[in-house]
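Here you go, one structure.
Read from first to last, the chains carry the letters A, B, C, D and E; within each, the first residue is number 1.
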């Protein structure tokens, strides 16, 4: 669906980028990496705003760029919606004018969310007549987001679009983006350094460092790996695909996954909805005997399949298998020896029902 | 202050010529500014110099060159007269043309400065939203460079009110047709004791310029609001 | 009604021609349209087809220029009026008149200052001044000390303002100015006669109104007006 | 130390600000609130860049602004260092030139971190000769931070300074800011919408909404309150002051607090260091009988003092007392009825040792 | 192309006058631009109009006014001569002064456009870093507005190469002292058959202007780099 291969160097001995990755189907690909690793540079090259030294970008069979064959479609014909790190709103147009700018130029056949819908979802109704100069930082970014969406692009490029939003607004916008992604079958390249956003949105992850691709793959696979820099983060963990199974007598929602069922605080989704849960390693505890009288609601029989070093000296990751599903648990080295944990040992995995508030959206 | 009928005529004519010259020069100046600032072609530099030509040679010479080109026997003026019946020499239109040529480099300069103010990032944003070259220019670049265009127009208007050498040489000094205020002032200084008349006419010139500036200031304020800098 | 005649006149004729234009109108003719500029500009404009009926030049060469291009009616060329060349100084301080002859030391009179006149390269008054100075044998010495103005009015202004202690201008200009005093008149033989050639342009060849105005300007009725502005009749 | 009272309205019926708060001693006061609530406006008024309709700002006894008495010190004499939301670097100066700009203008007597120190800590060494136009978004913000610090201000105003930084860089810069705060005795007004930054840095919190102060007070007190919008966040919890007590035979660090001891994965701080732990309600489970064979290392006797509604319908907050210290636990309503939890009941509070990686800095 | 000694002199003098006029006018123009763009005082508007005066009246009238002011009997020229022995009329300095006055409004306009380009946010940032009014101006505003200043200087230089009416009226046409190229060109056109000489001299003028523009372009590129827009 999207194929990107780029080589670029700023100046004679400046920053060098050499990155290639592919995206097979619609969905969100997160570009993830530290400041200055080349994320914005990649977006600019894909959008056509930077002409890389050499490279090839193909979207849905359309060659956007192929320096070898001398092809370089101008940005206005690439139909890549871009949300810039610095909103770049048109100062001479009102918020409404900015939003409509892209909408007016969208090809007649293209579908996507309507003006009213975008305005409502981004909370822009009160701002429509305002000029960008009179908006707060977060408000500006919301308008930029709406503007890009309304242009009905074939590919959406977002450069830390939520960094300037507060948690509340972010939580509101995230599912909207997710819905958009699903409804439109739109591939999205998403630059972020918040794993929270990766979990909620990303299907695939491209890990970057110093202009190179460190690893690339499905989010679930990549985040379960303990050998990547991701594991050092406090929110390291695995993603678990599951389905809303119904409501428990206690009012909790049953989430069925391959190998068992989890109980979560009530979910609004109808029965049958597929969800993605991030089970963070730090939230998983293990017990060698079945515990009783515990507020922890999810106590699942599991088998330790491997023990790998954690990010700190006293920490390890336990890889747990619950049926075909995998979980990571982060425990102290001390607990390993104290409880005699070892690969092959049968344990109970403990997960609090309230830790699933942080759900990836349906796919 | 009482004005004679002839002076009134000169005032009207000056305004007419200055405004027409701005109207005539503005669009070509904007296009030229774009070409010079954004274009990459051989000879760009020579063109840039050529645009400045009216500034670097005396106005009388410009008028003379215009006379040679647009005169009834000139290579442009001849056909223009023969085929379309358009005469520029010795007419108000001609005075406006001479004035427009003289102020052309001033407008181009101002417009280029205005163009440099436009953040390329915004044009890039417009591109990603699907705006092609012309579209982008009309909806983003042009509005954002408008302070430069306004400044250019005002300077050209003021300079147009004062343009003398090129007009008298090209369009002659015919009351009611080409005798603008500066020409009337000149005529006054040619008469012994004409200083008082000249000073009075200069005062009128200044008043017109002030009015033009006032208007421009009002437009600029509005523009600032429109550009969201308010 | 008759179409008014269009007259292209040298700038130095401005006042006289305005008065004559009124006089002409008071005789029941349409008031002529007058355009005043440097003779050079006017001649070139006529060459380029300007709608002038009469050309009143401040010097002969520009009239020759048009005649050689067959742009005037040859037999209409006349030079009815003339002028004199005078040496002027600012009214203050009051200075004694001098009798100008070959022996007059103008540089000494200028006392280190400059002598203002038209640019000999192109302004008629400057050309006459150059001729007079050559006649006096002082051209080489004085040439670097000239303040060359682009027309006679500017030269006069320099003297009025005291920037130049001396100036060489026409008698007509000197007479009209309150700021300068005439120190002396250059002898008539010191330079070519100062004449103002008038002619009808070729395009106005059969134009009765132009013909009539030309006759009026060349005739006795115009004499008092020209004299009122300091011109003299050509010999 | 700092006293702020402001009233301002943009335009005739635009956004209205009416906020007052005081800061008694040096330290970080976080301004916390949703996008568009007036945070940047307050900073601008304190810095002197916005003249509010009326108000009073006093810093260390110096009146910076008092509209009633017609006093309004110009910004250049207020010595308030500002890190703007949009870096605002001088485009015509190199990174080094930007950094030195404030340093050169600092009063001779003022002390603070040196040029080399700031460059090293913000990782700017490789960028010193670069122009701002050639920096990535995060790099720009780091330079802006350094520039403000080197001006040796009496008050530091920061507008989401870390929003553009990746987690790694943020984690590096945070302790630096904390150290700066402690060493310089510098009051800091810090705008953020990341609770993580509040925990690590803030001593006091000013909660804003729609231009008004919702609540104001010490971070520990305010975050333990369940009636504020803070509690709705998934990272709601309490802050616990403690002291490094020594190392456990298992290699874990003992953290003593009023009422007990916690075990944490190893901490680098020497014994005796005072730390602040954020104990997030979602990380705390309770048990009615003492559990055994559990990887969870911290099992503390506690008493339920109150049960208050949580953010969702099936959730509640349990307020737990461990000696004089307070903890919040987020559990399901179902668990409350299942385990018969009620105020006054003695329970065991369970805390995983690996959840404390997220530590507030020393005070 | 062979140039006569006198023509060489005119070339040198033109350069001299144009450069001196820019040097003379630049600082006052920058200050005036600041005053007009940033100042809030009664009469600001009148001052703005006054600055445009040289543009709206014919150059000859400007020269004439200068003569009144800076002549030996003028209110400024008199004391200048009596106390310091400085004479402006008929001197190269005088020609430069007249040229500077004529191009003053052009520089002011360009500088103001440049000033409008300066992001007030950056000046605000400088304030919070402790930079006072003058400091801030010199270290932030001035460098950032420099493209406007450069544009103004170039326009003024080009206009200075062509300035004619005011110079000939105020400083007269004295070979080697005040006979600049435009005066020589004008002289040539005033004689029948002088066209060839005039055209040649105009070519030289243009060459000088091209050289000036080239230089300005180089400076502008460097400046762009310095301003970090590279």
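Keep in mind that, in the parts below, a contact is a pair of C-beta atoms (placed from the backbone, for glycine too) under 8 Å apart; a residue touches a chain by one contact, two chains touch by 3 or more.
Just so we're on the same page, UniProt names per chain: A, D = Molybdenum ABC transporter ATP-binding protein; B, E = Molybdenum transport system permease.
Keep in mind that this is a model prediction, so the values were computed, not measured.
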Most distant chain from chain E by Cα centroid: A
Chain centre separation (chain A, chain B; CA means) in Å: 57
Geometric centre distance via CA averages, chain C-chain A, whole Å: 91
Rounded Å distance, chain B centre to chain C centre (Cα mean): 35
Residues of chain C touching at least two other chains: none
Junction residues of chain A - those touching two or more other chains: 86, 134
Chain E residues counted as touching two or more neighbouring chains: 60, 64, 186, 189
Chain-to-chain touches, reported pairwise for every pair that qualifies: A-B, A-D, B-C, B-E, C-E, D-E
Chain D-touching residues of chain A, taken from the complex the two chains share: 10, 14, 33-36, 40, 85-86, 134-139, 142, 159-160, 163-169, 193-195, 233-234, 248, 250-252, 263, 265-266, 282-283, 285-289, 291-297, 310, 312-315, 329-335, 337-339, 341, 350, 352-355, 357-358
Of chain E, residues touching chain D in the complex: 119, 121-122, 124-132, 135-136, 139-140, 143-144, 226-230
Chain B-touching residues of chain E, taken from the complex the two chains share: 45-46, 48-50, 52-61, 64, 105-106, 109-110, 112-114, 116-117, 147-148, 151, 154-155, 158-159, 161-162, 164-165, 182-183, 185-186, 189, 198, 202, 205-206, 208-210, 213-214, 217
Chain C residues touching chain B - in the complex, by the definition given at the top: 6, 8, 11-12, 14-15, 33-37, 41-42, 44-45, 47-51, 151, 153, 156, 173, 176-178
Residues of chain C defined as touching chain E within the complex: 38, 40, 43, 61-62, 64-65, 114, 116, 119, 121-123, 144, 146-150, 154, 157-158, 161-163
